[in-house]
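This is the structure I want to talk about, given as structure tokens.
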């Protein structure tokens, strides 16, 4: 982790007293999805957001991405208030089918952002070649998304945001739809890529093991409504991590205990 | 299946009739509403069709057992089967009647000769093609000298003439004539009385009906005659009936009544007119099997009911 | 059974069966009521001999084709606008839901007035028949574009205009295509109405005009031709769609079942 | 904007706008060609005064309703059979794909011949318009029943007949309902054709015959009534469906967008 | 595990030399999905079938269920050749949405099999009450499936097959679509229910940890095509199992190693 100080600065995410509410049918009554969230993520960090289903993880991520407007509070990226989506923040979605462009092949999907910014063709190819190779899709450049497996599609999403050179990656349960084995190998690779590229990552999941394999810090969100981040665990282990090592298992148990009482049907 | 009559009723002279009518003809509507059919022991139903041709077609499938129409569809019908003409409606044959068919043309057309190369309207399924044929012949032209546009209604002709998409159209009916006459850039060139063409109207029924219930058929003719009288004497009442039954606007009914009056008859002229039109239809292939018009006439009932009106001698 | 489910065998059998039933029915009811296959064939030969049937087919096909293409070309941008612009949609939807119960044939007089008695009014009627179905399907497609796609494009730096061109339109292609294909059916249906307007030729004219002379055999000829060219052009469009639009997710050329 | 997107406000604004455009157009083209709102209103009053407009609406509605209900009642079992029995489907599908290009209006003469000049032929025409669309949708629904449901039922001990009754039919309900609702639209469209058959009342009669009298105002009255009753009955059916068929997955009463 | 001998007999599944092929487009050429599978499962056993995606696990399960016909070989349940679905074998599907009847509420879904067999209403209620309680859905009887969470839907499926008193449960990745935490609690409960009800279970998964938490024996399927069961692991641990215990982790690692070489993208 040796980013220049101004880059770290530029990618820092500062959240203070952030609220999001939707008005319910009975007028006037507000329904808070998340309430009073404080959080600070510094550039280059791998931050995991862990929480039960429906607690508002996606909502928070979408606010950072600029897709959803906050109700009140402070939400800054690189010192500037977030108002709309920006190229500095890229998103990897859970459903690759919904977010990839099925009419474009692997290469065209990866080059999409570059094309929108009118990069020259040769330059686009150079960049996409690099990142397609990085995520291990070399040889599949001309396949359409529907010809790929679930894991491969997520690799395309990853390559797409990396090619666009966004510094912050917002990942919303990107491996949630993969089978157990593919998921494991994707976790490994993501961790590697992150260490190579030094992006700032916010990674949403509800799998404790996954959180522990990937994250430097793990923020725990409470059950909704009006959820916020009550506790942040530091994960002190070196990468790559061994999920069967004793300290890993101990921390896993600890976090699990944290949820136990919150969880029934 | 409303057109089948029981033999027992025939004995009593009672007649069940389903009559194919058109929207603008008041005769049957009046006979029904004013109880004239009832008076003559006729149990009548009226089926309204958009054109006489469709009504006459309903004869073929036994949906109606009486119909009326102009020469053209009537000839077409009798050529096809066991149907007879039992009377002429008495309309259309006089010079005055013929004058009710007006030829409206765009102002560019000042004489028949100017029609060469122009678009003229043909009202599909009617005698108008025959009328054009004769009219053009009379002025040294043929059908090939003009472009004939088939049309399905006078509203179509009106719009097309107004916009200059056709140059000439034959029109009848008081309201329509007024409308066409008031079109800018359009004038009346002539009317049908200036041609040799006349077109009558006839009533036809299946032969079987005559055989089974001759008395009933006579009563039918008596009822029509009485209704025709009533119509002449009570135009306001007729206009009300027509509005109520088929939504024909009152002013339109009143205007038409001035020109169109049914008066059952059968004259030499009626026969001649039909014969000429039949020859044309055979020549044009509209009628496939030639036949003799006189074989399709069954005038005995009319002779008995209105003897003085039958002037045709076979 | 294996043989029966084989497509061509079964289709041929079907037609033999249909023709047999038809002939029997014609025998029972007589030729005025149901012209049998032979009578219909003779009627068709009559029309074929002077070339009129082929020219009728050509003319009707031309009208359907032009009206359908133009209607679709107008409908697609309208559907896109209605779908993308909430304020337009709020205004347009109730109007569309009202007008969709009004059949093309009701507009004959008005179209005559607006477009004259030439080809224009006939084609306009076909366009009307096409317009709403393509518009509605395009609209549905636009509203079905996954929010994630739009969000992804936006955070990859696409402008609103680029999102329309590079995301919304390609994502809507399968819906447009479905609409266009369904509209082809309604176009064929509208041809009779269209050819009631001052027409001297065409299959619609044949069907409609044969009423006046009670040529049920010709009506049958017209109906069969209409069904057949509809069937074959639909297949053709389906195949073309599958070939050309595979990328966009048009993967089957099978007839749309609805 | 907030106010504009509020439904009733926008609908009222829309109609005011439409009426304004209409009045302007009427001013330009003259009452023979486009009767304005006032002329149309007067025409409507004329028809309302003697009660004929209401009775026309009643009659047309009755015909549409009966034809639509009967058509649906016939179409649903046919759709189920075609969907469940592969051999029937192989035979029926090409035939259906052929016949769906033939419009109801083409059958006017034939239905007149087959069903007479009474109510039967008119209702038969509406039934024809309804039949295929409901059949096709039911068929689609049957083919879309998840294999897992059928398998689950079978291994829970259901017989083939029980599977049809307790699994296939309930699972197909939303498709049937969509078909029935779409068919309502085509039924209203077919009413003009139906009332060309020896009718002297009904909205279709009014629209078609007012041509003969040059009463374009009455044509407009007819069209507007057709659109309105179509719109409202569609809403009603939608609401009923949502209320009664919620269990089966009919969850929205919104108009079907296609 | 103390079932009477004749019951064990009756539920025994014997597979020998079993093949399944589909003919490919080029006529004559056969494409084997599974080839030459031998397997014997005795009554009351919890058997897990573990294998990579697409190897033919579902195909094998569907053959045992009687949904799919075998191409050749022997496939007997309780000594009789399987020819069609039977009430003795019940299936729990992965996609609850596709297999539950959405127009029936929880109770009606659970009673479906009983109704098909024309049980009296009172008897049906008695049985469904029992099993709804067993799977922990008491109080939710009148909800429709669409008003339930994913975990609850799988409980309904479980109650439905238990109420039908089938002795063999065939479960095809029943927890594959659940989130990590719900999945964990469902695993616990299934294991409990199995121990209470003494059913024979064949459980398909591709999650090694899940296999180890649940199964008495774990059959490993090779990658397709022509896959078969190459190796069967015995899991000697007592229930309930602790996934962070050393022997558990050791066995997990061993099985993982088994797959490693089979697994790339």
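Letters A, B, C, D and E mark the chains as written, and numbering starts fresh at 1 in each.
Following the convention adopted for this analysis, a residue touches a chain if its C-beta (ideal position, glycine included) is under 8 Å from a C-beta of that chain, and two chains touch if they have at least 3 such contacts.
None of the values given here were measured: they were computed from a predicted structure.
Participant: Tell me which chains count as touching both chain A and chain B.
Facilitator: Common contact partners of chain A and chain B, which must touch each of the two, are C.
Participant: Smallest number of touch links from chain A to reach chain D?
Facilitator: 2
Participant: Could you tell me which chain lies farthest from chain A when each chain's centre is the average position of its Cα atoms?
Facilitator: Comparing chain centres, B lies farthest from chain A.
Participant: Looking at B-C and D-E, which pair shares more C-beta contacts?
Facilitator: D-E
Participant: State the chain with the largest centre-to-centre distance from chain E, centres being mean CA positions.
Facilitator: Chain centre farthest from chain E's centre: B.
Participant: Distance-wise, how many Å sit between the C-alpha centres of chain C and chain D, to the nearest whole number?
Facilitator: Roughly 18 Å separates the two chain centres.
Participant: Return the distance between the CA-based centres of chain B and chain E, expressed in whole Å.
Facilitator: Result: the chain centres lie 82 Å from each other.
Participant: Would you mind pulling out the distance in Å between where the CA atoms of chain C average out and where those of chain E do?
Facilitator: The computed centroid separation for chain C versus chain E comes out at 49 Å.
Participant: Would you kindly tell me how far, in whole Å, the mean C-alpha position of chain D lies from that of chain B?
Facilitator: Distance between chain centres, rounded to whole Å: 38 Å.
Participant: Could you say which residues in chain B touch two or more other chains, in rising order?
Facilitator: 57, 61, 155, 159
Participant: When you check chain C against every other chain, which residues touch at least two of them?
Facilitator: 32-33, 109, 113, 211, 214
Participant: Can you give me every chain pair that touches, using the contact definition above?
Facilitator: Applying the touch rule to all chain pairs gives A-C, A-E, B-C, B-D, C-D, D-E.
Participant: Across the complex, what residues on chain E touch chain A?
Facilitator: So the residues of chain E in touch with chain A come to 52-53, 136, 149, 151-152, 176, 179-182, 185, 205-210, 244, 249, 252-253, 259, 263, 265.
Participant: Of all residues in chain B, which touch chain D in the complex?
Facilitator: Touch residues, chain B against chain D: 1-2, 18, 23-24, 46-50, 57-58, 61, 63-64, 153-155, 158-159, 175-176, 179, 243-249, 252.
Participant: Using the touch definition up top, name the residues of chain D that touch chain C in the complex.
Facilitator: It is residues 1, 4-5, 7, 10-11, 13-14, 17-18, 29, 33-34, 86-87, 90-91, 93-95, 97-103, 105-106, 108-110, 113-114, 133, 136-137, 139-140, 143, 179, 182, 185, 188-190, 192-193, 207, 211, 216, 219, 222-223, 226-231, 234, 255, 257-258 of chain D that touch chain C.
Participant: Give the list of chain D residues in touch with chain B in this complex.
Facilitator: 32-33, 47, 50, 52, 109, 112-113, 116-118, 196, 198-200, 206, 208-215, 218
Participant: What does chain B use to touch chain C in their complex?
Facilitator: Interface residues on chain B, with respect to chain C: 51, 53-54, 57, 60-61, 73, 76, 80, 124-125, 148-152, 155-156, 159-160, 163, 165-166, 286.
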